[in-house]
Amino acid sequence: MPEPTVLVTDLAFGLLLGCVFAVIAHGLNLIWGVAKVVNVAHGEFIMLGAYGAYFLNLWFGFNPLLSAPVDAAIGLGVGVLFYFGFLHRELRGKESIGLQSEMVTLVSTFGLALLIGNLALLLFSPNFVGIPWSPGFVRVGFLQLPLGALYVGVASVAIIALSHVFLSRTYLGNAIRAYSQDIPATQLMGINPTSVAAIGTALGFSITMAGGALLSVWLPTGIHPTMAALYAPISFVIVVLGGPGKMWGSLVGGISLAVIIDVGQAFVGLSLATAIAFLTLIPILLFRPEGILR
Amino acid sequence: MKLPKLPVYGPSLWGLGGSLLLLGGVAPWIPVFPLIILVNLLIFAALAYSLNLITGLTGYVNFGHVVFMAVGAYSLGYSVETLRWHPLGGVALGALTALVVSLGIGAVTLRFRGVYFAIASLVTPLAGLNIVLVLPALDDGQGIVLNPAFEPLSWFYTIWIIIAAEVGLTYWITHGRLGYGIRAIKSDEDAAKSLGVNAPHLKLFLFALSGLFAGAAGGVYAWTTSGVFPYAAFDLTFSLLMLAMIVIGGMGTLLGPMIGAVIVNLLSRFFLAIFIGTQFIIIGLVVIVIALFIPEGIVGTLRKYVPELRRILE
Amino acid sequence: MSPTLEASGIHKYFGGVKAVQGVSLTLGGGRIVGLIGPNGSGKSTLLNVLAGVEKPTKGTVTVDGRRVDRWPAHRMVGLGIAKTHQIPKPFLAMTGRENVAVAMMYGRRREAEPAAALEESLRILALVGLEGRADTPASNLSVQQRKRLEFARALATGASLLLLDEIFAGLSPEELRDAISLFTRVQKELGFGALVVEHVMQAVMTLSDHVVVIEEGRKIAEGSPKEVVENPAVIEAYLGTEATDAAP
């Protein structure tokens, strides 16, 4: 039985990491809600976000907090491209996505994942890289928390809160939410479904890439094209845990997952804790597919 | 010119079966280097056929297919290294263990529809990898190194039998009553159930078969590469390659997996020679283009747009 | 020949929504039972429970004395009970013939040879007047034709008790007349029993031997078509207009 201080530290770290997890999952949540399909290449875009932060740091000395908005801007453009490249043909004018379209998108985005992932392996250094940014620590009782992790944790919650405000308080945001629930109704309201879907997707990608930038703080030696293979499933599991389409679900799911892994590894080691964390997907899908949140 | 109606079996089966028989006949005379390449191709074709049985036929995209391959590989490794069995026994064990594992996984995950099944399947290799890493029986993830004899001809005939079985089984399934039930499930699972199709059973049956063959092929793979290592065994790249093969060839078709395996293999070798790493980029690009523009793959699309070929090509 | 289905005290809740609250009814013996009620009264849900698509939250369903409330839909087909869908669900990529053949191969008859099933399908398609469309993909069929195909498939399962979900909906007066006479003709020839969930009063009143009325998940009236039409509770439930249109 590990020491209580160790457990509390793990809990705290899990909480902070979970917030960042939540952001990368939130992007997926948005795209899923709007496009009704999963982007298998999601991990690759997180990775691109992290590399974005890395290069911005290398060339201009930006710290990840500064890189995040830049990544977000890039993500908007990427998202629009993705929408018109992959989704528009399948979704155009349809009321709901069919089984065949679902499969097409699953397979085509998986091809995209292969493409981007290996392109990254080719273009970027094969070494694991990281961003040397360490603004110091803060003591809270016996806890020694890295300020970098604290800052990005706060930034993450801010991003999710902002997106929540946008989606529920602005006209465009509500249009996006309406679209993700009922396409014909959106058309009846005089909203162009293509614009809404494209913008919704763009927003999703933007948040994803910003999330990648923030995540880089937790990976001082871990930025590498293969990270996509880890963070894609993490994002998927989080979205399912929190509930697809539920706005705060990403936060709940992200924190839950990170805490399970961080606290769990003190008991059963990292490998088993990770396996268990991923396998929570199964009981959730079986018994509570809408997610933990009511 | 009207082709004569071939008795009972279709032209595609004759063509494929005949080619396989021919290969089997001349194998002892094939020089070593091409034989090894052929064995490698056939292993991937066998994997493609196994994935075809579930993803190709039912449309349930199984990203986690590599788990069965890994189970097969580990079974071979364990039985040869620790139990001192002959590799053929190891392959059989691989098939059996993979069958059991697939029944277990399928019983749970096949309840999920479409996207959720795909996600659950994406998660299984990661969970599997982490579990294997802590299993004491498998040296806590150290990997197993084998020292088998170099027997390309034995490898060849083993994988040959596996493929022959798969091709025959695929043909039998798609041409009989089961074929209609499967098409019904793929088209509209709820409607199929309302007509008496026991969808859960049928899906599990196919899933288990796919696991069985993937396990056998994985065993042969471990045999030819004389080693099993956790990160390599559970590498998602395998799943991706298998998926690429059936997408390119044509999901659910008889010839598709073979055609896809040949193409992917050729592309791999060609671009690997140019620059390492480029082969996956090209394969990824090809998959995107095919998925977006000709989702039925080569065989499927030819059948769709060239009616004369419909009787021959399947 | 026709199984007797007894539903007793059926409740079906979806979370907080109580779709069906304590409904009991008996089906079988070649009788046509109509099930009517205002929108959202729980008719389709009840039908789905009887068909095995949904499991009842409370209550039992028995067929010839055997409890089947936990049975899945495909097992119910084995007992001779088949349902049709409110919005037809044909196998779009398959031809009309193949659609019906699936039913023959997996229904009660379990035809093992696809060739034989495809041959026999023509006979069933002829019964519903679709023999001319036997070899066109189902995606090319009109709504009315799809409804007929849906009906043909259910018949092809060899069912002796059909659960029909709004099979007469969305038809023009002429199409409705044809559909009703088709149904009568086929029913006379094959002798199946049916539960006809309907909004279209004309169809229900013409065809039913017995009518059950539900509102907000509860049975509010039951009896011959004439009795039901004159029942004040029923009239009130429908606010009067539709019930008086029910003259056959």
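The letters A, B and C name the chains in turn, as written, and every chain counts its residues from 1.
Keep this in mind: contacts are C-beta pairs under 8 Å (C-beta built on N, C-alpha and C of every residue); 3 or more make two chains touch, one makes a residue touch a chain.
It should be emphasised that the depicted structure is a prediction, and the values quoted were computed from it without experimental measurement.
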Top chain pair, ranked by how many C-beta pairs fall in contact: A-B
Central subunit by CA centre of mass proxy: B
Chain at maximum distance from chain A, centres defined as averaged CA atoms: C
Euclidean distance of C-alpha centroids - chain A vs chain B, Å: 32
Separation of mean Cα positions, chain C and chain B [Å, integer]: 42
Length of the line joining the C-alpha centres of chain A and chain C, rounded to whole Å: 46
Multi-partner residues of chain C (at least 2 other chains): none
Chain B partner contacts - residues on chain C that touch it in the complex: 51, 53, 72-75, 77-78, 82-85, 89-94, 98, 101-103, 105-108, 111-114, 117, 153-154, 156-157
Chain A contact footprint on chain B (complex, rising order): 59, 61, 63, 108-109, 111-112, 114-116, 118-120, 122-123, 126-128, 130-131, 133-134, 141, 186, 236, 240, 243-244, 247, 275, 277-278, 280-281, 283-288, 290-292, 295
In the complex with chain B, residue positions of chain A that touch it: 37-38, 40, 86, 89, 99-100, 102-104, 106-108, 110-119, 121-122, 229-230, 232-233, 236-237, 240, 269, 271-272, 274-275, 278-279, 281-282, 285-286, 289
Sites on chain B touched by chain C in the complex: 175-177, 179-181, 183-184, 187-188, 190-200
